[in-house]
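You will see two complexes here that share chain A, one where it goes with chain B and one where it goes with chain C.
Let's look at the complex of A and B:
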C-alpha cells in the first residue's frame, strides 16, 4: 500500500467508523423497521399504507407543510429588509455589531426558551393581546395559543435569524460596481434592484428558504408548546410513537415520510433556485 | 427615499421582534408573585435563588455542560482529520464521505433522536449518558468541520511542505504549523458546536429520563405541565449564558459577519 493511501485511511478511519456505527446504522435500523410488520416481523408495506392511505395523516401532513410554507414566506419577507438594513443602511459599526448580536442571541438560545417567551406573550392576558386591545384593533382577546397562527408566530421568530444571516451574507458579497454601472446607464433604483441586486442575492435567498422550510417542517418543540394539543403536526405524531406508544415500525414509517417529503420539497426549491440563478 | 424609510422601519420592528420574547422572559423571572406574571409585580431575585437551591435543576445544568464539553471534544477529534482529508486529498468516495459527515445538519434532530433511541436500545445502552453523547457528537461534528473547511486553504499546504522539507515530523508539523493556522476556525466551530449541543431538545428528549436530564429537556417537560417564575429564571440564565458566549465569540473571532463591504469599496 502506498504511503498516501495509508495516510488517507488513517485520517478517514475514526470519522468513518463513528459515522457508520452511530449515524448510518441507526438510520438503517429505522428504515428496515419501517418496512416490517409490527406484530409478525415480516417484510411488509403495512406501516406506509397506514400513513399514506389515511385521510387523517394527510391532513396532518398538509398542516405541517402549510405552516412550514407560511413560515418560510414570512421569514424571507422580514429577513430581506433586515439584512438589507444591516448590510447597506447601518453606518455605525458599533450599532451593526449590537444588531448582529441581537440576531444571533436567539440562535444561541434553546427553542424551548424562545417558545416559552411566546407562551407568556400570546396568552389571553399576554402583552400581544394587551397591545391589540390598547390600539383598538380588537375588543376581545384573540386566541393565539392552540392555533396555527400561534405556531406560525413562534416558528417565524425561531427561524428568522437563519434567513437574515443567509441573505445578509449574500448581500454583503455583491459587487457594488455592478449596481453603479446600472445606475450610470440610466436605470432607476427600482430597476437596478429588480434586475441586478435581487437576482444576485437569489442564492442567499434560496439557501435561507431551504433551511427555514426544512427546520419548520421538522420542528417539534415550538408546535408542541404553542399548539396546546389542538393542532397536530407530523413531528408530534413521530414523537408519540417513540415515547408513549413504542411502535417503532409505524414511527419509523412516519419518520421516513417526513424525511422524504422534506427532502423532495427542498430538492424542488433547490432546482428552481438553480435554474433561476443561471439565467 | 420612501423605500429606504420603509426598509428601516421593517428592520427596526424585526429587531424589536427578536429581542422582545427574551426581554419578557428576563422581566417575568423577577416577579415577586408566586405565579408567572408579565409585566412583573415588584422586583426580586428570589427565583434565581430557588433555582440554585434546586437539585434537579443543578443536576441538569451539570449534565448539559458535561455533555456539551465531551461532545465538542470528540467532535473536534473527528472533525480535524476529516477536514484535513477533505481539503487536501482526492480519493474514491470523497463526495460520499463529505455528504455523510454533513448530513446531520440537514437531517431533522427528531428523526436522528428517535433512530438513536431504537438503535442504542438494541445495543443495550439506551437512555444513558453514552446514548446522549453519541447523538450530540453527530450534531456537533458538522459545525466544526464546516468552520474548519473555511480556514483550511491552499497556502497552509505550502507552509506544511516547508516544515516537512526542513525535517519536521508530521506530528511536529501538525502541532507547530497546521494547528495554529486553523485555530480561529477551530475555536468558532467548537463554540458553535458546544452551543448546538447545549440548547438541543429534539435530539436529547428521546434518551433522557427523570434522573438523567439536560436543562433544555427538563425545561420542556416542566413548561408543559406547570409554569412558575422559576422556569423563567432558568430560561433567563440560559439567555445570559448565550449573551456571554456571543460576546466572547465577538471578542475572539469577530462577529461582524457582513463586513465584506470595507474591502469592496
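Let's look at the complex of A and C:
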C-alpha cells in the first residue's frame, strides 16, 4: 500500500470511528431491539406486524407524511422567491448580508422557544387572530392550535431557512450568461425561467426539499406543542413508547418504519433532482 | 444600399462616472465581416452587449435594418450572439441546444429538428447531436455554440471572443472555417477580439477601440500601414516610433538626421515617424542607402524570422528578417541599417 493511501485511511479513520460510535451503533441497537419480542426477548417480527397491520398506525403515518409533504411544498414555494430576492434583486452587499442573517438567526434559538412563540401567536386571542379580525377576514377566531394547519405553520417557519439557503446557493451558482443566451435566442423572460433557470436550480430545490422533508417528518417538538394532543404524528408515538410506555422494542420498530419511509421518499426526490448532462 | 447596422453616437456610463463607451458610431454593411479590436477594457464587449440588447445605452441610437431597436429587449432582436464562454445549456443535449432558438420562434418541432441537423452539419457536428455539452471538447462546444446561433438565420451575428479558449492550432483552423462559413451564409459578422492577428486574418474591416472610443476603422492593410494614432500603430503589430524634428523647413529623423521628404508633412510639430520592423534593412557591409551603423543588442530567433534589437545612436530599433538569423549576427556586432523613407508613415503623437 502506498503511503498516500495509508494517509487517506488514517485521515478517514477518525470520522469513520465517530460515525460508527455515534450513529451506526445506536442505530444497530434500535434495529436489534425492534426485532425482539418485548416479553420473551426472542427474535421475532411481532413489533413490525403490530405497526404495519394496525390501521391506526397507518393513519398516523399518513398524517405525518402529509404534514411533512405540505411543509416541504409551502417551504419551497415561499423560499424560492425569497432566495431569488436575495441572490438576484438585492444589489447592496450589506443589505444582502443583513437579510441572510435575518434568515439564519431563528436557528440560533431553541425549537421549543420558537414553537411556544407560535402557540401564543396562534391562540384564540393571539396576534394572528387579532390581525385576521381587524382586517375583517374572519368574524370569529380561527382555531389553529390542535390542527394540522397550526403544526404546518410552525414547521414552515422553523424549516424555511434550510430551503432558502439551499435554493439561494443553487441560484447563485447558475451562470448568468446562460440566461442571456436564452434571451438572445428569442426566449421571453418567462420561457427563460422555465426552460433554463428553474431546471438548473433543481438540485438546490431537491436538496432543500430533502432537508425540509426529513426534518419535518421527524420533528417532535413543534408538532407536540402545537397539536395540543389533538393531532398525532409518528415521532410523538415513538417518544411515547420510549419515555412513557418503556417499550423499546415497539418504539424501535416505529423508528425504523419512519426511517425507511423517509429514506424512500428522499431517494425519489434525489432522483428527480438530478440535472441531466452534468458530470 | 443602406447599412444593415448603424450605431449612432452610443454612450454607456457605468457607476455614474466610468465611460465604457464614449460617443461610438459605426456602420456595418450586409454580408460584412467586422472585427472589434482592442485591449481588454476598451469597451468592445460592452458595445457587443449593447447591440445584443443586454445593456441599454445612456445615449445614442442602434438601428438594425432601418429599424430603431435601441429600446427593444434582447429576445425581440433579430440577431444572435456566440458567447465567449459559449453559454451552452448544460442540461440539454446538443440537439436541444440548437433547436432552442427555432422553437422559441414558433417553428414546429419537426422543422426545428431539421434545421438544427442542417446547422450541425454545417459545423461538422451532425453525429454528436445526442451528446451533452459536458461530454464534448472545447472545439466541439465552440461549434455547437455557432450552430445554435446560425440555425436562427440571423442577418447579424455577434461573436464575443469565440476562439479565445481554444489552443493555437485549433484557433487558426477555426479562423479559416469561420471566415468560410460567413462567406457561405452571407451573414454579417461582428467579431470581438483582442488578438490583432485574428482580426487581420478574418475581417473585411477592423474597428480599433481604446478607452471606449473608436480609434480607427479600416481594412487590415490600411490599419497596419497607415495607423491614425500612436495607439493603433503600437497595438497592431510592432512599430518603431522615431522622433523627428524640423531643420530648414524639412522634417528629419532625430536619431540620424535623415531627411523624410515632402510626404512627412503632418501639420503637427509633434509627429512621430513609424517604421515597421520588417521594413528596416540590416546588412554587414555598407550600402548606398545606409542611415549609419548600429550595435546588435539582442536577437530573438523564432525560426521563420528573427527579431533584431539594435542600438542606433542611443535609440532602440527593432528590425525583422525573414529566414531567421541568416546573417549570423551575434550580440555586440556592428551592422549597417537602412531606414527606407518611402515606408515611413507619420503618426500624431
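In this section, the second predicted complex is superposed on the first by the 253 of 279 C-alpha atoms of A that agree within 3 Å, B and C clash if a C-alpha of one lies under 4 Å from a C-alpha of the other, contacts with A are read in each partner's own complex, and residues count from 1 in each chain.
Please note the rule applied: contacts are C-beta pairs under 8 Å (C-beta built on N, C-alpha and C of every residue); 3 or more make two chains touch, one makes a residue touch a chain.
Nothing here was measured: the structure is a model prediction, and the numbers come from that model.
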| item | value |
| --- | --- |
| Contacts of A:48 with chain B and chain C, given as first, second, both or neither | neither |
| Touched partner set for A:70, first chain B, second chain C, both or neither | neither |
| Residue contacts on chain A - larger count, chain B or chain C | B |
| Which of chain B and chain C A:184 touches, first, second, both or neither | second |
| First (chain B), second (chain C), both or neither touched by A:175 | both |
| Chain B and chain C contact sites that coincide on chain A, given as residue numbers | 175, 189 |
| Residues on chain A engaged by chain C in the complex (per definition of touch) | 175, 177-178, 180-189, 191-192, 195-196, 199-200, 275-279 |
| Chain C - residues contacting chain A, complex | 52-54, 73-76, 80-81, 83, 85, 87-93, 100-101, 104-105, 132-135, 148, 152 |
| List of chain A residues in touch with chain B within their complex | 4-5, 7-8, 10-12, 14-16, 18-19, 22-27, 29-30, 33, 78-79, 81-87, 89, 93, 96-97, 99-106, 108-114, 116-121, 126-127, 157, 160-161, 165, 168-169, 171-173, 175-176, 189-190, 214, 217-221, 224-225, 235, 238-239, 242-243, 248, 251-252, 255, 258-259, 262-263, 266 |
| Interface residues, chain B side, partner chain A - complex | 3-4, 6-8, 10-12, 14-15, 17-22, 24-25, 28, 36, 38, 77-79, 81-82, 84-85, 89, 91, 97, 100-101, 103-104, 106-112, 114-120, 122, 134-135, 137-138, 141, 195, 198-202, 205-206, 216, 219-220, 223-224, 227, 231-232, 235, 238-239, 242-243, 245-247, 250, 255-261, 264-265 |
